[in-house]
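Shared between the two complexes below is subunit A, which has subunit B as its partner in the first and subunit C in the second.
After this line comes the complex of A and B, so read on.
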């Protein structure tokens, strides 16, 4: 039995446990950041093991855990998101006094996300999704004294529970039809079975799985929870949900649909294409009317899920490659945007409102520049990373005769300009005289580091795109036999 | 030396330096901006000197692979059409920076930085040999222009900027889809992924594909031009932008659309272009008449010049779309002419606006008394704008009308209306402000008189007009080969006889 395959996961679980345990002790002042350091260390080691194993894809535990290039790259994305979340939590009021639990739960959620994308079996995937969901229910509500935070956690729990029920139902149907929970075996059976249109039960299974994963990815029509939960949760947790959870959900989509259900592609591709198109349209239109940047980013994350799902809908290795590249670009852009929101929230009351950003670029030029870059990149302006990602996704769609999806994506992007650019315009307008008290804040270095690194990455990922695309290409190729 | 790449890099570096210049050091900002644009002019002259006018090919190519797996590359070069647009861009931006420096708004370093960034976009666009790179620069130029409107525009700037961006982006994103589709079809034909225009040029597209792709590209071009009825953003954007920006947008950004049509649309998709010839020509004709009527009724001088631009661009599009050699060469010449004339006209509007505090021409009058030198310059520009025989624009319009007449006589008849209207609205602007009793100003309008600072901007423009009027051959000859090559495939499809009188000979005959 190959146990090496689980090393990145063991490291993360161990770090999660250690962090929670460390919270049980009253730490001396010098060690008050111990949970954070445990988290950073765990993530760092886990990342290093992934890098070391990159050239040796392998599977273990009877094929239940599979470290392919795809799952390693996805795990890497999740780990970077985790790293950034811990950095963004530096000095965050949320979970004050309960840092051990706070960090431990983030690490546990990250473990769940990694388990989801490395799963070779439906059961393992389900456990991963549950682990990440349960941890996040608590994290959303961790500011127990703040009503919005509690509301956020409760809403996420309610909708999440429904999502779980649907997911397990879908998996059960899939198992019933193919006689196995192993993704490999399911793949073989589906390839043999020929077109699935004659077997409505399998179509139903695919639809249920798509619905349930769509819940986690906040794709339309299962996106309703997103704005409220995103707005209420502590902002670092929102960041984590919109990057890590999305990566995990997309990884699961790729494993189940592009990977295992490749043989039945004709039956699900229109379904996923429709979800993708609807997410782009609804997400972008929903974002138009928001006055809170957090809510706006929540709707935008619905739209972004739509763009990402284009890469699933086409069902090709190139589609997966494009998806992963866009996910990396999306990670950079989202981290920057939330980092700046976190900064602003700590300075003024209602710092997530768009008005709170009026003239912010003039006060902190570096923050203005990176936020503008993030917004332009999210809107798909060249020559930024978001553009290259969208370019690849559109290419994948057109290449697989889904021109209509590319056109919907293009028009939806044009709509998205209105709200993305509004933030950039506001940031550079003259600041009005306001009576809101401002806390002059010494910018926490980790938060600034995330914002600036992300900003640099947005440009660098585009200019030196080829090496990154090569990684994504390997990942995409590893998905299909 | 990669001179063509330097065209893009020099202003980019200057723009970055400008952004870092301390805000209060306005002198330093001016120096950097002038040095940046001046150096770019020098580079463009080097490119011109190295240019081989005898060949119609894309030349002085700087090629670096960018994303090899997708077939995208950094590929810059010039041909007979773009060389003049590059020169026009570098010169007009230098003059624009000079004009801006004299009345630098608050946060002037950022203003100049954004101005130079838009120059980067335009120069990159005019020299791109790769479709994706073309798209990158196409979008790149949009953002600085939009921010210039948002930050330094008039009262209605937010709406103006947003309308401008959204209009343009709808077209651009559809163009992006068209670009990808083009390359994918070309890949099946060529066997490898490429976005190089010169590689794709030989690919035969099926009739439907050709039409759809051409339509996809033309939508973006038509919005940028703008072609009627895609001009909804124009009055807002031209009206609200700082006037230097309006001038540069009208003079250069509009040419991006024409250039795209001539460099990509028509040569790559001759079948599609031929199918859509009549519809587009009709839109251009409507634009000529409608733009002229709007210009005639316009309230402010700025909008008058802006709408006249709509009419003039209709002429240029018509000249390209009839696939006639003479008309196309006239269109290329007219691109340069219009750029210079409209820039000069906006400069005069700027001076009048500054000296009198209003751009509303009904409130002004008799300024010639107090500002005789301005009146002379204004008259010259007016004559050029209405294409008086002997002026530079006359040559271009004559070529276009002559060529259009040979192919579709009825179009030429309608287009003639535009020439007549031009006299009406341009003379209205001149007369109502310069002649008649003195109105709307103190001291007989001496405040508007041409001063040295203004003369530095205006005189070179007028000199260029004379230069083109006297030696149009130089321009036509250098661009003739490239223009012929651009429209030749479409001419074959449209069944035009390929042997035609040499326009350069005609030019010699027509000149005074």
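After this line comes the complex of A and C, so read on.
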């Protein structure tokens, strides 16, 4: 029994508990940021332990927790998303008066996400997914006095619980067909079983698991909750959902499909390919007619889930490598976009509407520049990080004879140019004469830091792509035996 | 007399179907939670049935974990339902549509 393997997880859960407990006391004014600092410290230590363990992949608790390069890189992505979420929550009105619970639940959700991507067993993966979901249900509804926040939490809970039920049913069938909950053993048994088409229950198991995990990643056909929940939830939480949850769901997809079910690849690649293609088409078309940037980003996140799933559908180590690179790029782009929305929301009423951004780039040039970068990169404009990621995903699809998927992806990105470019054009157009009351806001430094760091990362990930791609290659290779 | 695996399978599929029907037909959040509970327990029955078939305790452990998780979900669900009820004294998910599009 190797207990060292869980250190990054212990640190995060300890930080979560400490933050919640610290919220139970009335803190003196100098210490009112204590929960945030506990959170930042916990995330920092956890990241350092991951870096220290990078060269020593190991597993513990009888293979139930596995720290491979893939799970370490995924945990790293999740930790960076958590760090950014805590920074974006600086001065967030949603958490006022309950900073302890707010930060503690973010940390608990992050622990669940990390558990999901380090799991070596279906039970552990399920606990991870539930820990992240249940924490996020509460976080969405944390502003109990604001009707939309409540509605968002309740909707997320209802659809999420249906997703959970389907996930359990799929896991139960998978367990029944293979006789084990361990991902390694499931992999061996599936490889022995040969083609699954003769066993309808196994095909059903794969389909149910794919659909249920797709729910967490907000992929079609369970994407309908995304716009409402993203719009109603406090914006830092929306950011966390679209970055952290997506990373955790993609990690689970890679572990279950590319990793464990590798032997049955012929049976699920078309299924995942179809989910991916449908998400790209539906997400991009849905985003076209939105007037709220938050809703537009929600639909765009459906489409991005489609691009990412392309890396799962091909089922190769190269596909996984491309997926992880795109996930890192996606993290940077999404953080920037939401950071700017958060700033605008605090300045004007209805600050998430696209009109509210008219001329914003002229008022705050740095915000305009990073937002334009993020939008261009999300649309896949060369030579930014989003372009390199999409290029890798499309070439992975072509390499594995899934040309049709790459074509759907390319057409869908062409459509996405329309709505991404609209935002960047509006940012720089002359400001109209408006009688909307504006608060001049001193930009909270952590929010600005996230936006600028993200903007720099979008360019840096493109210029120094090779070292990052090498990391992703190690991760992709560690997934397959 | 031992119960054959097919009986577990049929019972769980029936429960899952009933739960899904409830989720689609019912509009009251409390009844929605009830239907979801049916679906979760369909999974539990399947897990326990397979656990007997393979003579492996992992399935039963899984079922216990699912019960705990289901309880946590219901607690939060009920909490939110109470909060919504307080803020507008009305319980119908179709009328929860301040956001659309």
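Criterion: the second predicted complex is superposed on the first by the 481 of 481 C-alpha atoms of A that agree within 3 Å, B and C clash if a C-alpha of one lies under 4 Å from a C-alpha of the other, contacts with A are read in each partner's own complex, and residues count from 1 in each chain.
Here is the rule we use: a residue touches a chain if its C-beta (ideal position, glycine included) is under 8 Å from a C-beta of that chain, and two chains touch if they have at least 3 such contacts.
What you are looking at is a predicted structure, and each value in this text was computed from that prediction instead of being measured.
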First, second, both or neither for A:394, with subunit B first and subunit C second: first
Touched partner set for A:473, first subunit B, second subunit C, both or neither: first
Subunit B versus subunit C as contact partner of A:203, first or second or both or neither: neither
Touched partner set for A:232, first subunit B, second subunit C, both or neither: second
First, second, both or neither for A:161, with subunit B first and subunit C second: second
Subunit B versus subunit C as contact partner of A:127, first or second or both or neither: second
Winner by number of subunit A residues touched, once subunit B and subunit C are compared: C
First (subunit B), second (subunit C), both or neither touched by A:150: second
Subunit B and subunit C footprints on subunit A, overlapping residues: none
Sites on subunit C touched by subunit A in the complex: 12, 16, 19, 23, 29, 32-33, 36, 39-40, 42-44, 46-47, 49-50, 53-54, 56, 58-59, 61-62, 65-66, 69, 72-73, 76-77, 80-81, 83-84, 87-88, 93, 96, 98-99, 101
Sites on subunit A touched by subunit C in the complex: 122-123, 126-127, 130, 134, 137-138, 141, 144-145, 147-148, 150-155, 157-158, 161-162, 164-166, 168-169, 171-173, 175-176, 179-181, 227-228, 231-232, 289-290, 292, 295
Residue ranges of subunit B in contact with subunit A within the complex: 66-70, 132, 135-136, 139-140, 143, 146-147, 150-151, 158, 161-162, 165-166, 169-170, 173-174, 176-177, 180-181, 184
Subunit B-touching residues of subunit A, taken from the complex the two chains share: 376, 380-383, 387-388, 391-392, 394-395, 398-399, 403, 406-407, 410-411, 413-414, 417-418, 421, 425, 428-429, 465-466, 469-470, 473
